[in-house]
Amino acid sequence: MPRTPASQVHQLRVQLVARTEFLPPADVPWSTDAEGGQALAEFAGRACYQSWSKPRPSTATNAAFLRHVLQVGHLSVLEHGTATLYLRGVSRAVAHEVLRHRHFSTSELSPRHVPTDGAPVVVPAVVAQDPAAAELFLRAATAARAAHDELLTALEAGRSGGAASAGPELAAETLRHKQARQAALALLPGATETQLVVTGNYRAWRHFVAARATDLVDLEVRALAVACLRQLQSAAPHVFSDFEVGELVDGTEVASSPYVTEA
Amino acid sequence: MPRTPASQVHQLRVQLVARTEFLPPADVPWSTDAEGGQALAEFAGRACYQSWSKPRPSTATNAAFLRHVLQVGHLSVLEHGTATLYLRGVSRAVAHEVLRHRHFSTSELSPRHVPTDGAPVVVPAVVAQDPAAAELFLRAATAARAAHDELLTALEAGRSGGAASAGPELAAETLRHKQARQAALALLPGATETQLVVTGNYRAWRHFVAARATDLVDLEVRALAVACLRQLQSAAPHVFSDFEVGELVDGTEVASSPYVTEA
Amino acid sequence: MPRTPASQVHQLRVQLVARTEFLPPADVPWSTDAEGGQALAEFAGRACYQSWSKPRPSTATNAAFLRHVLQVGHLSVLEHGTATLYLRGVSRAVAHEVLRHRHFSTSELSPRHVPTDGAPVVVPAVVAQDPAAAELFLRAATAARAAHDELLTALEAGRSGGAASAGPELAAETLRHKQARQAALALLPGATETQLVVTGNYRAWRHFVAARATDLVDLEVRALAVACLRQLQSAAPHVFSDFEVGELVDGTEVASSPYVTEA
Amino acid sequence: MPRTPASQVHQLRVQLVARTEFLPPADVPWSTDAEGGQALAEFAGRACYQSWSKPRPSTATNAAFLRHVLQVGHLSVLEHGTATLYLRGVSRAVAHEVLRHRHFSTSELSPRHVPTDGAPVVVPAVVAQDPAAAELFLRAATAARAAHDELLTALEAGRSGGAASAGPELAAETLRHKQARQAALALLPGATETQLVVTGNYRAWRHFVAARATDLVDLEVRALAVACLRQLQSAAPHVFSDFEVGELVDGTEVASSPYVTEA
């Protein structure tokens, strides 16, 4: 039997991999002091009233215009700009929560992708801070991976009849092999690392951050929401800078905005 | 330390827990030979053209009308009727796939709900058929649960300072306890049982069955899709009876319909 | 030329034509003091924590449980129950606003359905209250219908060559006839009556009422939202009774709820 | 009374105003021969299997990879790239059909925006081709606008009491003025021009084109779908070039793809 791959600890990484590029139509008598999805949101808002001139100083800049949008709740104009984040070092359990957000488009690492040379897991922060707990955690994760490998071997041994197969028998064996691999996956823990490519429009991202960066939320999910927020604030500050990151007494972070009051 | 709960094997159970009740408006000169969501779909279709009389024998019955809807692809009228299924004996890994269907509304058993007196798991069919593999599987699941319990104990021991706490300290301890419980969950396997209440309209359910009951799909997901189909066919036969269940060479089931040709 | 059909004034009518029927699973140790979608929402909420017993008096009744759901914002459990409303006496302009709500499923009277014996229109309330304005309104609507009929006649006269056609020519003529009818529709006013069958889950309906029954909203849309609310309060009081209908100084109605604070 | 603005004929114009910009993560061992949303779709597809190397010539180029995606129906990876089109010269009747596509995000010119110096309308193609019909059409549109203006004048005259108002009376008068303007809008025809900013991901745009560019669809809606397709093919050829534009016997255009077989 091959040696069981040791658990490899993967850290959360969140990267912006795509954003909106705005191509202002040449025949619209308007320009603004921002680019990308921020400019697009203003364009869409002004198109609704053909308010291309800017008589009101209170909305003459892109930042002021979008702040007004947040204040009056004209959130549909925030649906035009999008951001795609590449999330690595996310546990399957946390990915499960991301999938609940139906306005996101998500591509996820196939659960069938099990590296033969390593068993990447994500270690919860409270475990990582406690050496004894961390050791226990990694030992259990390695044991789960060993059980996965052992089960796979057993299923394949119990099924392949011995002699070489061909034609329909070969097809049937390929199928059994696939089924064996799928079945073995069920022994991997929720801590197993997955990766996600998540695209959301600004409104969907705001909803995600608002719902998932509060103190009521599981630490790992909340840490993900705050990490996403930081990327979004960098990509579209006028849309996300009303969110402020704060620290709880236990040193963990939360985020909230005065414009998010939804129950 | 308490005794580790033994793994308990839970079987897939799918039950219809809600359906659409149709209340025909008294002042519409039409009636049909069906009830519930099937009648509602016909009502919505006829309302589009105010075609309350039935001169065409080919669509004079509810079954014929809805067959015509499927043939011409006027699928939006199938969005009015809904069915809610209660799914038990579903692994978290399979639930993950259900969540991808954004047109469903899903309530799921909280992952924080860990019964102290048992560790329910779902055993993949190919494992259950092989006694040696099944024993290995259950042993690994029980070990994972033991590791979960041990980690929880370790995290709580390392954190509670000893003396009784009160006020803000009590709040902080409650928080730590919650975080410890969440962190420990990450060691539970994908085979851990979850339960789902899933509501979908007929169109969404048809899409789910069409996408998930094919031979390319993981056995457990496919078995779930076929089990849902059976409930749906019983609840709304005119909407789902074009799907036929067949058997593959390995004895597992698939379902398909001549009206589903979407890539 | 045929006589132009006179405008017929249609009033708003909103009827509940479908609702959720709950079928409690026999093997769940729980019952409640409500039926239908209200019971289903409680069932889904309790399933998340398997909290079938009711130790807390504050959530022991269905009304109290759902009030708690609204208070803590656990709104996803309100997605299981649905209500279908049949809306008549709605102008196309108002229907346009309903279509914006993407979580609704809507079947609409085809714009191609133009009754030959009448021209149903919806008269805005402020017009109906003012006899001179109302007369002007109906005269204009009748003129628009006459122009529609005249254009249709002109398009068909200009195109049919005279002699009887057959085969491909007949097909081409049928197509031209269809195109002529479609083109003529563009002259009908926004006041033209349409009908809608709208299905939404409770959460979607709450969102619609919250967004459309405020004083900032066009009178006709707002009146529709309030009329829908009344049907919904009758169908599922525990889900909608937090909304209260009030009257503005101009005698028109608005609705709001303390649990709706979304910007 | 002011002179009635003459009808102004607006032509359909469709412009790409935003697209996806891809920012390839530096630490992923992969590059491709395309940019923007096309590269992003490939990135998302490869991330699912971590298939960064390209051993298979059949999917070694971006075009080949995305063609394979269309062939096997792995359409969710097409949800990451988006395109925003600015649509002008669209009638309200046609905009109504666009709104039905719930996966789009749409900002529309407010119906309250009625230019005082002109009455823009969109003339259906079959009308424009026939001088007599066109004249009739424009005369009717101008009459509708005149009726709108007349009704607005009547409503405001009937309501303002004469003497100057202040405080709450002023507020009430502002409200009545707003209501008068809204009511008058109902007399404008479906041909009235509107403008839309529409954002959709590639999958949503493919669905729109597939559903709306067929010969069964109203000419104006179909012409819009074909015009959108042309912009999309220019913005993301590997995602849309399977659609081919053809001409019907009447000279109008349709579009279809061998990969679209959905009923």
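In order of appearance the chains are A, B, C and D, and numbering begins at 1 in each one.
Going forward, a residue touches a chain if its C-beta (ideal position, glycine included) is under 8 Å from a C-beta of that chain, and two chains touch if they have at least 3 such contacts.
All values reported here derive from a predicted model rather than from experimental measurement.
Asks: Please tell me whether the contact surfaces of chain A and chain B are same or different in residue numbering, using the over-half criterion.
Replies: Same, since over half the interface numbering is common to both chains.
Asks: When contacts are scored as defined above, which chain pair ends up with more C-beta pairs, C-D or B-C?
Replies: C-D
Asks: What is the distance in Å between the mean C-alpha positions of chain A and chain C?
Replies: About 36 Å separates the centre of chain A from that of chain C.
Asks: Find the geometric centre of each of chain C and chain D from their Cα atoms only, then give the gap between the two centres in Å, rounded to an integer.
Replies: 23
Asks: Cα centroid separation between chain B and chain C, in whole Å?
Replies: Centre separation, chain B to chain C: 30 Å.
Asks: List, in ascending order, every residue of chain C touching at least 2 other chains.
Replies: In chain C, the residues touching two or more other chains are 106.
Asks: Which residues of chain D touch chain C in the complex?
Replies: Result: residues 91-93, 95-96, 99-100, 102-103, 106, 111, 122, 124-127, 130, 132-133, 136-137, 139-141, 143-144, 147-148, 150-151, 154-155, 158, 168, 172, 175-176, 179-180, 182-183, 185-192, 218-220, 249-250 of chain D touch chain C.
Asks: Under the touch definition given earlier, write down the residues of chain A that touch chain D in their complex.
Replies: Where chain A meets chain D, its residues are 15-25, 36-37, 40, 43-45, 47-50, 76-77, 79-82, 84, 86, 105-110, 113, 195, 197, 199, 201.
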